[in-house]
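The following pair of complexes shares a single chain, subunit A, combined with subunit B in the former and subunit C in the latter.
Take a look at the complex of A and B:
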């Protein structure tokens, strides 16, 4: 059995909702098939008050082993570094996080808020929020850049707003079944198995991207969402079009631009008016190019793609 | 429909060929400036072709040192020879340009 504790800091519970909707494996499968013992979770935990405090103290003292410490939400430091704005079980949550991270075999940050601060840490960051080991792109965060869990790994970051249900449960299973050491993490400590390819990988609009045909309104079935509607699919690392949402679809498949929620800068441009769902350009050229593409190459590619585009690329081939 | 587009295309070509002065400058450098032009276009009578051309800053030739033209613009549909930007939605020639050009 692997003891798992899930706590919530500055959060909307979106990742809890996501976790409870997991299918492969499901939250129940974790318990019945993979030997995960959920000690406590904000939506599932039975203990309250003194009993909960007793449980937490038995973990921090080492009396009970903490195999997997999952944290959702930001670490709230306000006011004045005390963390008093987010109290839990009799003390600031940040103090529990500090103590529990020391005794955890693995520490897993779920969702953007726990990984890099997410929306709460967006300027002016009134709650003085940060992620467990990052604040946006800056390495460090609440636990510090040198933090390693008892198993010798840094915080395992599973970002997303929310993270996909199956990213969460699959990582928990990997850790609970002793395969945590096999996890390969990228520079932002995201499991490479999920975060090496792009959101665009597997997008049904790729042919419209290739032939430079733009969607001009939400929900249109034809056209790529990158050119005008601010889609960040070509430069966002996620498997959203490989591991589908609800096993059915994805934002881009449904005509909704990717907002880049698995990247540390999310929400981009600090949500300044006019920046959401609008491709940012400089003299008509996108500010953010698809990863690995430069401006000159992009312009050449566009000219060639337009010149070569077939007539069907301009039709709504999904409606007959 | 195709002949209608042909007639509109010819009407636009004639206006531009006859020296219609359009608002080529300022080019919208920011999204805010771009949106402001779109707002102006939305307030026009959709049938007022001349006003669309003026506010859009149309030219019947490529523009600037990089020779920007409709052909590379993301709103241009090559086979229909059509500008698909909803606020414009007019037939255009590939060698033309307007200040709502984006790539």
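Take a look at the complex of A and C:
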């Protein structure tokens, strides 16, 4: 039995909604089959009677064990570092987070807001938001670069806007079943098992990428979204095309460019004019290359791809 | 002599539009006054200022993870009207379908996850339905709770076929949609809908076929349906209705009796050249304002929208139209019930004042004879409203669930009407201008205003259903709709005032709340509980 507490700061509840789409295991399975004792969650309907504050206090005092502390949403610091723009149970939420993180065996940040600040931290970051242990790429965040939970791990970051339900449930189950020690994390504290391959890995448009056939506008079944429409699939770490969304598809399969939402910079370029759904280029060459490819290599690669491109690559292959 | 007033502070109540706190004053076991406070400010309007005109397509679905498709719909139509695009027929259908499946998802998720668990509260242990309620609706372990919460993920699989994922896709763009589904996608979508209908809507929720339910046209028809077979009476709908009556849920939660809907689902053949003024005549589900006191209907128009800020934490003048707002948050958000006490503005109609948004509003307006003759018409809920003496916790929730069969039929319509070889997108020309996009999220009227100047966003404003419903008092002192609806609620146990929760939840505000009950004299905390 593992006690889990899930709180939301500057959040939209999108990660909770994503979590509720889970199957194998479902949210109910976590409770009935995997021994996760959900102490409190903003929308899972646990009745607490008179006891929410008592419960929180019994956790912060150490009277009751907090095995997994899940946080969704940003830590709001405004105004002037007080956190009063996000109050919860009579105090700034950030004060609850500070107290609970001290006693948690594992602290898990779910979604971009809790990991790096996400959309609320977009310039000018009006709510003075940050993630638990990062603000964008900058290590530190609300809890500080040296933070370790009682199990000796830093915050486990499960990014994404939202995070995929399977990424969430699998991490919760791993921790609840004593496999927390098996988790290995990358430089941004993301579980490597999910965030080492690329969003492009498994994309159905890969052949069009290889032959440099571009989808120049939306509503097309053929073409790669990288060259013109701003897709970040080749330089974003996520399993979106391996572990499909809602058991059916992925954004790039459906025709929507990847926006790089598992990376700390999301939303890229702070959404400044001219940057949305448009590949940023310098002299016709993309500013952001596929990971590890340099400019000279890219020019050779695409020239060769164009030269080798078969005639069929310009036709629809996903026909009605 | 009346007894002393007790004050209950309910904190926090909000999650989607922000955290919400509620204070109620109780006298002789009944709520006599109420204040609702939005307690989270993220500043989406501030973030969008000076950004790419299309930034709203990325940012606004993330304002709310629960009705992101509705935000995306508004963001796309707002840009369509600003850029004067042409939107192909297929794209209108694909946008409608995305919005519809998000709403279908929300029916069981809200019904079981947020609403029905309250019926297992000890407050109702004397009801003859209590034992069965506990068996079906207890959190996690209830037989129908588990079925309902799990199956709620099904309809949005169709959203993933169109937009790649739910929540938080941005597949609706000015000029159409990003996707171009194939026959496989359409067939899968049909199959997902059928599964949802067979395994939950008919089997668990209605206890009959959709066709049988659609025969219900009047309140008498509904009562006859309830008595017709044990399968109907014992369905989750039948049980909800009978237990609600048994526990008095039809007796409180009245409100102002004034309702608003932007209308929704533009017809695929009537809104291909979208304009702000042309929207009302293009909608399958008509817009409207319904005055329950005079029984009058009229169309809703965005130009009448006003936002008062006298009791809100903004340093800007009140009474403005959203196009004229600047969104300047107050730095020190001290709570003062006589002064400022909420991040929500007080939204009102310039002529009709404070209006309630939500599924009940939609269903009442569906019973009006205003609008176009071809538009959707369904007088059932309006008749119930009149015969049952106005709005209540029960009727508000019934209206939400009643819409399900109609949403299902519209989803079928979209799938049937796709012409797979026709265009899904017509590339627009970017230009400066003002735009407005609206829809009905499952929980009510949602709209976005955008002003694009010099190729970037000059002003972006959102009014969500929760802004209408949980707003504080307006400048003239009139309570917000939810503040008003709380008045008259009986509180049987101040240590566990679940009735306050019923009212809040009947608005489907997706509010997560904790109630602190304070003794009016000593300030001692009496109770604290969740209301959503």
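Following the convention adopted for this analysis, the second predicted complex is superposed on the first by the 313 of 320 C-alpha atoms of A that agree within 3 Å, B and C clash if a C-alpha of one lies under 4 Å from a C-alpha of the other, contacts with A are read in each partner's own complex, and residues count from 1 in each chain.
We adopt the following convention: contacts are C-beta pairs under 8 Å (C-beta built on N, C-alpha and C of every residue); 3 or more make two chains touch, one makes a residue touch a chain.
As the structure is a prediction and not an experimental result, all values here were calculated from the model.
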Checklist entry - Aligned on subunit A, subunit B and subunit C: do they clash or fit? => result fit
Next on the checklist: According to the stated criteria, A:88 is in contact with first (subunit B), second (subunit C), both, or neither; which is it?
Outcome noted: second
Checklist entry - Touching A:227, do we find subunit B (first), subunit C (second), both, or neither? => result first
Next on the checklist: Between subunit B and subunit C, which one contacts more residues of subunit A in the superposed model?
Outcome noted: C
Next on the checklist: Per the contact definition in the header, classify A:213: touching subunit B only (first), subunit C only (second), both, or neither.
Outcome noted: first
Next on the checklist: Under the stated touch criterion, which partner chain does A:317 make contact with: subunit B (first), subunit C (second), both, or neither?
Outcome noted: neither
Checklist outcome for this item: Here the angle between the directions from the C-alpha centre of subunit A to those of subunit B and subunit C, rounded in steps of 10 degrees, is 90
Next on the checklist: Contacts for A:259 in the overlay, against subunit B (first) and subunit C (second): which applies, first, second, both or neither?
Outcome noted: second
Checklist entry - Regarding the shared-chain residue A:245, is it in contact with subunit B (first), subunit C (second), both, or neither? => result second
Next on the checklist: Contact-wise, after the overlay, does A:282 reach subunit B, subunit C, both or neither (first, second, both, neither)?
Outcome noted: first
Checklist entry - Between subunit B (first) and subunit C (second), which does A:42 come into contact with in this model arrangement: first, second, both, or neither? => result second
Next on the checklist: Between subunit B and subunit C, whom does A:298 touch in the aligned arrangement: first, second, both, or neither?
Outcome noted: first
Item to check | Nearest Cα pair across subunit B and subunit C, whole Å | outcome: 6
Item to check | subunit B and subunit C contact sites that coincide on subunit A, given as residue numbers | outcome: 217, 274-275
Item to check | Residues on subunit A engaged by subunit C in the complex (per definition of touch) | outcome: 8, 10-18, 20-23, 26-28, 31-32, 38, 42-53, 74, 76, 78-80, 84-90, 118-120, 122-127, 129, 161-162, 217-221, 240, 244-256, 259, 267, 270-277, 318-320
Checklist entry - Quick one: in the complex, what on subunit A touches subunit B? => result 212-214, 216-217, 227-228, 274-275, 278-286, 298-299, 302-303, 306-307, 309, 311, 314
Item to check | Interfacial residue positions of subunit B with respect to subunit A in the complex | outcome: 27, 29, 31-32, 34-35, 66, 68, 71-72, 74-80, 84-86, 101-103
Checklist outcome for this item: Note: in the complex, subunit C contacts subunit A through residues 11-12, 15-16, 19, 21, 39-44, 46-47, 50-55, 57-59, 62-66, 68, 91, 109, 113-114, 117, 121, 139-141, 145-146, 149-150, 152-153, 156-157, 159-171, 173, 175-180, 182-183, 188, 329, 331-333, 420-421, 423-425, 427, 455-456, 495-496, 510, 512, 514, 516, 525, 527-530, 532
